[in-house]
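Next, two complexes with chain A in common: one pairs it with chain B, the other with chain C.
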Partner chain A sequence: MAATRTRGSSFSRNVSTVTSQNSGLKHGPNGTTFLSSGIPDLDKILGGGYTLGSLVMIMEDAEAPHHMLLLRNFMSQGLIHKHPLLYASASRDPKGFLGTLPAPASAKEDKTRDLTNEKDLRIAWQYKKYFDPQLNISSNNGAQQDYCNDLDLRKPLDRHFYSGMNVGCVSIQDSPDLASLQDQCAKFLSQFSRNEANISSAGRIAIQSFCSPQCKFANMEWHMLSFIRSLKAMARSSNAVVLVSFPPSLLSPSCSKRLQHMADTLLSVRAIPDEDKEMAKLLTGYQDMVGLLNVHKVARLNTQVPVILETTTFSIKLHKRRYLVLECLNQAPVDGSSGSSYNTSGSCSGSTKAGSLDF
Partner chain B sequence: MAESICRSLRDGALEGELAPTLTIKDSLASPFSFNVFSHILLQLSSQKSQSHGIVIVALSRSPSFYADFLKNKGVELSSSNKWIHILDCYTDPLGWKDKARKSGNVNVVSDQISLATSSYKSVKDMDKLFLAITDLGRGLVGENKVRFCVAIDSLSKLLRHASLQSVAGLLSNLRSHDQISSIFGLLHSDLHEERATAALEYMSSMVASVEPDHHSSENCLSEKNFTQGKFSVRSKRRNGRVRETSEKFKVEAEGISFASISAEDGTTVAGLLPKVQFNLQLSEKEQIDRAKVVLPFEHQGNGKPIQIYDGRRSLEESSGEGAPISRCKNEDSALGEIIYFRDSDDEMPDSDEDPDDDLDI
Partner chain C sequence: MEHKELNLLNEALGFHNNNLYGRFVLVEDTVDTTAAFVLHQILKHSFSSHPSSSVIFLALSHPFSHYDRILRKIGCNLAAQRDNKRFFFIDMLMLQFPDEGKPNDVGFAAVFEKIESVIKALPQDNTKFVTIMIDDISFLQVAANGSSNDVLDFLHYCYTLTSEYGCAFIALDHKDIYLNEEKPAIISEMEYLADILVKAEPLATGLAKDVHGQLMVLHKQHGISPVKIHNFHFKIKENSIECFYPGTKI
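The block that comes next holds the complex of A and B.
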């Protein structure tokens, strides 16, 4: 099985440190603060996590439920860190969804993932004997584990995490328009307004399947666009992260494009065909993959410098069928008889704000 | 595969999951979705499945048609009240005949149907339809955990009467109802906007398309198109992958038959992926193996001097003579000397040092 770490460079410019007051928040560059997405690999890819004050949008695939994995981990991580949560969905009973949130993995299983930070190069150097054996760099991991837990998708979260008063659930199925949801979001976000220097607490809003067809406002595109716009403005001036997932195939192309441009961080999930022999030949680890994740845009607040990622497409795998793992796509060894081994880069770059250079 | 669709519908829904939903899509070029629909209906009526009853929402065909159809296929209708019930939205969907009858002018003749039928007169109201379906179903199977299956004769007809939002709402309510085991319905895709079709596909877990054969798409009037075509299914599996299968189908007097396609029509995967790189990371097994490799110039920590095979002698001889070869270079001055003349006087003295002295050999 392929290794579980993504191919991030070990030299990272965005040095982020854990804030001492509250777990779950991390200082980032340019005066921003991060909170964890619940998926350690995604935090690494995004340079620390989701930026406070940003709007994260996930483009769903009509054929796969992978956006639910991202949503679940986001919500669960927030509950573990005691961030107040507001969850809205188009089902009749959104509270039932809380029962499917993953719990943090037990401590014993945590260690096996980041086990050895092996020395990459062994040098036969005669002065080596004068030095102490190097301490493992995993001393940093202790603080990291607190910021982002490994969430076990097979274990449901304990009820006491979400039975408190800090979790609100809203059903948007029967409401004729988005005004009531907007009011609830405004009320929720007013708790976290960004006036003081210290951040007392951070909030999370998760909206699932924003324009699903059974909502009465699904036809009112301008209304939905203005809702998202005001939500983004409210989020910008508060210490919260808003996560919205929407199916772009159900909207008109212009509306879908506008929503994509409004996002600060834009991700998309895609389904992969099952038992596809061509794909199995092309990629290693195809058997374990459940889908693909594309990072189109990464939020950059307070700066003009865009984030340029090495790769923008990652495969979603379930490690031991419990932990969500994102990996770079790796090509299977090509035997000399077959034809060209490079594909044209497909639909991996969406909007152009973070000019993704794919070599 | 038609077989696997029927199997998924028969297996039904797991606890806490949405019910599997099948949408059968066709178009004018190959309008055989009703044949597929009736085939599936037959399969579900005759074979064992999770559902103990079927509710047919009949919009485009009358209940007597269904009664005759099932009778012709040999399904016994005498005890059918226990497991099948038709919600008749065909005879009087909007309640006009009722109004006409009340005004006294029209005599409506009701036919005798051997299947249990309830008439429904307000097709525009999806909430009421949902209640009617669930009441009928509960009437069939009782109140416990027993489930029933819902067959919607034509989603296209529903979309004619009601808006997309309400039909989608109906479907989502049906899917999340805990007594419904599976749902299937048919749709004529060229009658609706793409958005409507996309929305219904979004809500279904399986989409079956009935299409004409590729090679005969130029002459739509060829006889072949009237009897056969391609049947492709995209099903969303639980692990998030999409399984796509294709078959050929042929419509005969007795019904519809499916056969597998011989030539593979491979879809290109190339458009899906960006450039991929080779895997430069090691699996755990590979890491362990690498740790075991004995590097030739390294002390292994067991006190023995390193044997370096330099290719000139065979290994047995070198066991005796290995010692002088493997010692550090300082000792071979007994055999020969290297005399070094400096190139110029301002050369740094450090350059005299043998850089290999740093190594631990």
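The block that comes next holds the complex of A and C.
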């Protein structure tokens, strides 16, 4: 039996990069594996990406469709990495949604973006010709080119990515209950059941707007809870990530809380009201913000140590109106004359009150 | 190994005085602050409390591998204990009682019978040192399609084992689920029955890297003296829990 050794600092394994070529997977701590969310900033915030075997839940805001950004990037990134995908939504023709997925940015635009982000390395323009363009990208980004792509929201994903057999679309609008969806998920996840050997491939399940009112089962809260619960259990024993978005405002508070507890990673998106003068004074770059993203919980598989982030609220912005970026909120300089003081509520419980921001 | 860190949590739970045998410990937490670490700590301690102690673990949240890895880091080998017939892991992750068909109580009765059969199969003297843990109760109600009565019956039966066999009964539940309910039956009854109540909450001031939350441990000494309360802050590490009084974190 291992002897207890009290150490000053907790031991953590080094995180190594891509496990195998183009698999889109990365080793994580404590024997976990990450796959990319499709949003480079979100991968960084979550410490690598979404953990294989975890259930990611996104709490929607009824006033804005920002959860779609997270969903689209997740699905698109998976298709680029050839991860089999199962997509379920309440629309009549879920396959049509695949046409709206973003494509990876073309190489030239990509490099421009990296260069503008490069803080430390500044090369005078006349010397650029001596450098191989590849070297300008820092080694960190070099690996990330494979793992997480910059997805261009204005360019639709090429058909060949999703015309294959590894993409399944399910419409849940007409089903009286979730039994058939559960069976399909079970069948899908059985392809990736976990054993200690190397992970050959990973799967992704994306369920959009779960318990939206178009579904016949929208009133059967316990039925929905048991579906999510079994989905969570099935995901745990497979090499897949399940992403579910749901509108908490349409559920009873206790049902919504139960779902929040079930999530391994819990995110929420919020709309930013247009022309909000209060908020414009509070934050810099307010005009560019599309919405807010809150990270409530980060998956803690195989460990008891919680993940504490520097900040839990991020602004969602579109860089060049194409690329999704997440930024920490920056307080604007206080205008002495107005005398307003920021009463940022310290609570991190992620309340949905507009104006309670966690810096 | 016996003089392990006598931290505030161990002291509050009364590890060094009397063990938890014959008592019901209810652990409560919220979305922001999980109290699973309390279960891990109690789990580890229960093996060292007595050479022939055993643990029956009803798992509804996480698979065995999760607990195995965590406990290994805090110095306890669950796989070995399982092989030595001291750790019984009952995987109920997919437990679900059908809506129609057999009523829930039949399903729950089967689970209870399994627990009892495990206890009865132990050597005579060892039945006094059994710990039953449930992680966590909120999933029981989901499995029962919302029927709180069936869940309560099952939990009551488990509670009787504390007096019949002198078991320790530890259960985890999420307090914030019941906050908005009109009749939060399950949590109220469990809080009433509990001998020891452990509540984990986030700090009122929000997130912090050094302090992960605050813990309140409440001992109900029925009828004899007023309740004894311990309050402290904690920080969870891979291989231990640091507990300290508010403001004394070094």
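Observations, loosely collected:
Assume the second predicted complex is superposed on the first by the 303 of 359 C-alpha atoms of A that agree within 3 Å, B and C clash if a C-alpha of one lies under 4 Å from a C-alpha of the other, contacts with A are read in each partner's own complex, and residues count from 1 in each chain.
In this text, contacts are C-beta pairs under 8 Å (C-beta built on N, C-alpha and C of every residue); 3 or more make two chains touch, one makes a residue touch a chain.
It should be emphasised that the depicted structure is a prediction, and the values quoted were computed from it without experimental measurement.
With both structures placed on the common chain, the touch criterion links A:Leu282 to chain B but leaves chain C unconnected. When the two complexes are overlaid on their common chain A, residue A:Asn195 makes contact with neither chain B nor chain C.
A simple residue count on chain A separates chain B from chain C, and the partner touching more is B.
When the two complexes are overlaid on their common chain A, residue A:Thr303 makes contact with chain C while staying clear of chain B. When the shared chain is aligned, no partner comes close enough to touch A:Ser163: not chain B, not chain C. By the touch criterion defined above, A:Pro253 reaches chain C but does not reach chain B. In the superposed pair of complexes, A:Ser237 makes contact with chain C only, with no contact to chain B. In the superposed model, A:Thr312 lies in contact with both chain B and chain C. Judged by the document's definition of touching, chain A residues 1-3, 5, 7, 252, 312, 345-348, 358 lie at the interface with chain B and also at the interface with chain C.
Residues 1-3, 5, 7, 62-66, 90-92, 116, 118, 122, 124-128, 173, 212-216, 218-219, 247, 249-250, 252, 270-276, 278-279, 282-284, 290-292, 311-313, 316, 328-331, 333, 342-348, 358-359 of chain A are the ones that touch chain B when the two sit in their complex. Chain A contributes residues 1-7, 10-12, 30-31, 221-223, 225-226, 229-230, 233-234, 236-237, 252-254, 257-258, 260-261, 266, 296-297, 300-306, 308-309, 312, 345-350, 358 to its touches with chain C in the complex.
By the touch criterion stated above, chain B contacts chain A in their complex at residues 164-165, 168-169, 171-173, 176, 195, 198-203, 234, 236-237, 239-244, 266-284, 287, 295, 297-299, 357-361.
For chain C in complex with chain A, the residues that touch the partner chain are 1, 4-5, 30-34, 36-37, 40, 62-63, 65-66, 69-70, 72-77, 80, 93-94, 96, 99, 138-139, 142-143, 145-146, 174, 176-181, 202, 204-209, 212, 236-240.
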